[in-house]
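Shared between the two complexes below is subunit A, which has subunit B as its partner in the first and subunit C in the second.
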Partner chain A sequence: MEKRVIKKDALAGIIKKMAESTLVYAPVREEDNLLFKVLEKGMEPLLDFDNAKNAPKNFFFPQTEVMMRYMRTERGKELSTGEGEIQEAVLFGVRPCDARSFVLLDNLFNDPKYKDPYYIKRREKTTIVSLACVHPPYTTCFCTSVDGHPLSSEGADVCLIDLGDTYLAECVTPKGEDLLKKMGDLPKADQALEAKKQELSDAAEKEVNGAVPAHAIKAWLDENFENPFWDTIHKSCLACGTCTYLCPTCHCFDITDEVKKEDGRRIRSWDSCMSWLFTVETSGHNPRTSQKERWRQRAMHKFKYFVDNFDAIACVGCGRCVMYCPVNIDIRKIVTDISKL
Partner chain B sequence: MENIEKQVREYAKKLLADGTVDVVVGYEGGTLPFQTTPCFITDPDDAKRLVWNRFCSVNLAKYVHDIIFGHKESQKRAKPEDRTKKKVGVIARGCTTRSLTIHLQEKQYDRDQVVIIGVPCAGFVANKKMSVAVDGKEVIACSVVGDSLSVQTKDGGKDVPLKEVLADNCLTCRFNNPIISDVMIGEAAPPMPDVEKEYEEVEAFEALPVDERWAYFTKEMGKCMRCYACRNTCPSCYCKVCFIEQNQPKWVGVGIDETDTQVFQFMRMFHMVGRCVDCGSCLEVCPMGVDLRKFLKKLDKDDFQLFDHRAGEAMESAPTLSVHSEDDKEAFIFEP
Partner chain C sequence: MQNPYIPIPVDLDKIITEVTTKDIKTFRFTFVNKEDEESFKYLPGQFGELSIFGKGESPIGIASSPTQPGYLEFTVQKAGVVTSELHSLEEGARMGVRGPLGNTWPIEYLKGKNIVIVGGGFAFTTLRSLINYMLHDENRSSFGKITVVYGAREPGLLIYKDELAAWEKRDDIDMNVTVDKGDATWKGREGFVPTVCKEVAPSSENAVAVICGPPVMIRFTLPVFFELGFSKDNIYTSLEMRMKCGIGKCGRCNVGSKYVCKDGPVFSLAELDKLTKEY
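This part shows the complex of A and B:
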């Protein structure tokens, strides 16, 4: 694995230069929000930031995506593909938790049996540059409880580690190596930097605040689809989509046709298990009759069903749902409470 | 405030113990320092969980409606003579009581189904303003000391004058004491500081050229990710099926097309004429910080200046859209 060194003050310039010829997604400040956006001319990519409010899943699994278009003509129906050509892109500044979310999502969208061409194409064409958490940004971080690590390079093509004056750039994949080559002639990293990285890694791990018994609850979830505990979470829930939309691993979607006169498009858009509409059937019957069942679905999906299907918890411990839930429903508390049952 | 909290707990306990209510809706402490979370007390011994402080933000009237309606639904299959009424106690400040008033005016439930535990209010701390005050850093601890909010971030502590972090709707609120109540806890709160400036921001906005106003509207709506937290927290948004989710016919596309988002937002706002009590819940819950208030307040201003009505101000003041009189102003229809 190739390791290079990038001068700290040179990085922003490199990214901006890259954005002139390639599509670059990066965290930027937009008024009071810190968001992953397409880096356009005049925009400043953030290097010293906590984490973006929105998860970067949007670049592979957009909130709305046209799957195909159709047109009714005199000769019959004409079909065409959805969006135009998918471009090469660089996704910069992803935190290790979010980078890990792509590994989890790959399980689903790039399953040996079921391949999602929309997701896979974008994923293949995008190089991910992660920015390790030398200091985990929030007290709500709990990546280490769900198999992540603040300095992990899992899911990234290049992982940058802030060593003070320089970044240690670790290539994780051939895609990452290609990208580093494009960044110019960067000096190789020596052994001393490697040792420093290990030191930072150990310190960062200790800094992660929360320990959530995420693995310990699987056995309980297996046995307790019906349990009075499920009556205790949902009452204050507003049934909004904040947790699911900001979540890096939530991936449920809905497919709808939008037709205007002779033109139609089939779009896929994010769905949210928090919404009453989530599983309403055509007949009007809804198997999940209340927020209780919807909340059970969210917890089960993350900590049981996904584990059953892919042997991994569908949570990366980024803490977004904890921080941004308008009524402070805290997944850490739910998991901890279950572990005590 | 501690004293009010204590009395609230005592009163809630009493209501539950003597069976006056089935549940008391209030706030309890959350897992984050600046958060409270709505709670539903059914056991008198749990009343001690109730809190009343500057971080109680969400309008609880929404939950009163939800509980009573949920119960009604569950009774549908019971014989008429076996049907019971759910009685809900609620900790209510001024804006909450205005929302309850709207529910009552709109015949959503009967007055005897709700026991209003009125509390005086001096405004709540807006999470977004607090976050801006500490440059977006994570708040690790915070507490109100006198007239200031002491906030801890990993970069250290900072004292912010309370007035700078109170929600905008609180600063200009003229109804910070309950409009209706069954019991009033504590002394009435003094008037809020900026009551006379209530429409200042709207007036400044109205004075802008139309393209600038449109640019602001599109910019703000561009932030919306359609999570519907605003609608779902709003006590006046109680439709069983919202127009946004109807699909026969479908009014609005499900995607994030700019115009679909805008249509969702302004259609919802139009449903708020004479029904928005400026409780600030929609702003407080919005994860993206969309400035909905600028537009809702304009409707509120028109409601007051053209129709001499303020949402939920009194039981006998009929909602603007529910009454018609021959001398209703209509010039704005022809000369917007």
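This part shows the complex of A and C:
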């Protein structure tokens, strides 16, 4: 793995310059929110931030996207264009938890039998630069409980680690190496920096809640689809869907059609298993009749079904669902409570 | 990279109204492009997403058999947005199909065995595909005795009437068509499907039962087959769930860890026993 050094005061300028010729997405402060947005020309990226409110999955799996367009013909409505062209982009400032979410989503969207061209093309055209969490930003962080690490480079093309007055830039992929070359003639990292990184890594790990027993509950989930425990978590749930929309790994979507005069488009939009409509059939039959079944689905999907199918927990421990749930439902508590049953 | 979400263009070649209530019709589609016809390789039990731009898509079992080349048939009840639009289309209309999707009836496993087909109402579509497949000259010798029990509420609701009559005339298939209640012109059998199954009493010896129908029919039919000695490994059925993508990505048709669209819709009872009861 190629390792280079970037001077701390130079990084913002390098990214700013990059944004002049390339599409760069980076965390941007907007009123009270920190969001991943397009870094407009002349803007400097934030380097000192906690994490964005929205997960960056949006850039590979947009909240809504046009899948195809069609138009009226003499025979009926016919396809006019398939998926559009995708621009090359750099996604800057991704936290390690969010970078890991892409590895998890790849399992689904890039599975051997059915490939999702919309996701895959965006993924191929985008270079991910992550910023390691030398100081994990929130008390709700629990990445180390779900196979992540605050200094992990998994899922990134380049991982930047703040060593005080310099950044250690670790190239994870050939795409990352190409990007670093474009950043100019950067000096190679020496052994001393490696040691410093290890020190920071150990310290950061201690700051994260690694005690959520996310793996330990699998055996219980395997056996307890029917259990009185499921009556205890959903009662305060408003079915607002915030947890699913903010989640970096939630991938459920709806497909709908929109028509305007002669032209129409088929679009896909994020959907949420928290909604009654998600599973209701034309006949009126709904396999998930109440919020209890929907919450069981959410917990089961993350900690059992995804594990069964892809051998990985569908949670990266970013803590967004914990922070933003309007009624304080806490996935860490649910997992912990299950582990005590 | 092939885009699995783009529908294959097809022309609506023929519409057959199957029932007196006129809300169940069979739609025959031909492929607009020859190469699509050649690459659409399917087996009985699979389904397709019928796609009408401007309305949406609906997952429907394929009712034709791959032994009938040149077209695809789907028998559809008018129910929601897409199926209502489909029922209002005329012959010659152009629309789309995505597929073939899902798994198939276990054809290789069925070979060399006696096959019992049980269908109720209009849940007979992929069973019809299977029957036509097995009865085809090239395939008939691969299967043992074929017994069919098919029922509907009343004579006017039986689908594929011409085919039922043609199969009745053959001596290599044991047809048992029944209605819950007959009318003045009905000369056939009366009685519910589970009762008829009990009367026909197909042997479980080297046999597999393939059962599709409304939940109430299945609930009363299964005990009959257990009594006859059929094991759960030798009873197959097909599940339905709300679907969108049809390829295991949109996340809504799972039963436990399995997606009905991708891992199903065909399951043996033994497989269903291992899944959660959330369908």
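The definition used in the following text is that the second predicted complex is superposed on the first by the 329 of 341 C-alpha atoms of A that agree within 3 Å, B and C clash if a C-alpha of one lies under 4 Å from a C-alpha of the other, contacts with A are read in each partner's own complex, and residues count from 1 in each chain.
Just so it is clear, a contact is a pair of C-beta atoms (placed from the backbone, for glycine too) under 8 Å apart; a residue touches a chain by one contact, two chains touch by 3 or more.
Just so it is clear, the structure is predicted and the values come from calculations on it, not from any experiment.
In the overlay built on the shared chain, the residue A:N33 is in contact with subunit B alone; subunit C does not reach it. By the touch criterion defined above, A:T256 lies against subunit B and subunit C together after alignment on the C-alpha atoms of chain A. After overlaying the two complexes on the shared chain, residue contacts for A:A219 are found with neither subunit B nor subunit C. In the superposition on chain A, no contact is made by A:A211 with either subunit B or subunit C. Of the two partner chains placed around the shared chain by superposition, neither subunit B nor subunit C is touched by A:A203.
With both structures placed on the common chain, the touch criterion links A:G76 to subunit C but leaves subunit B unconnected. By the document's definition of touching, of the two partners only subunit B reaches A:L246; subunit C does not.
Within the superposed three-chain model, A:F109 lies in touch with subunit C and out of touch with subunit B [touch as defined at top]. Of the residues of subunit A, those at positions 254, 256 touch subunit B in one of the two structures and subunit C in the other. Of all residues in subunit C, only 1-7, 9, 11, 52-57, 79-80, 83, 89, 92-96, 240-242, 244-245, 247-252, 254-257, 262, 276-279 touch subunit A in the complex they form. Residue ranges on subunit B touching subunit A, taken from their complex, read 30-32, 35-40, 58, 62-63, 70, 128, 131-132, 136-138, 140, 223, 225-229, 232-233, 245, 253-257, 284-289. Here subunit A touches subunit C in the complex through residues 67-68, 70, 73, 75-79, 82-83, 108-109, 111, 113-117, 120-121, 225, 251-257, 259, 264, 266, 268, 271, 273, 278-283, 287-288, 293, 297, 300-301, 304-305, 308-309, going by the rule given at the top. Those residues of subunit A lying in contact with subunit B across their complex are 31-34, 50, 53-54, 63-64, 137-140, 235-236, 238-242, 245-246, 254, 256, 258, 267, 269, 272, 275, 277, 290, 322-324, 326-330, 332-333.
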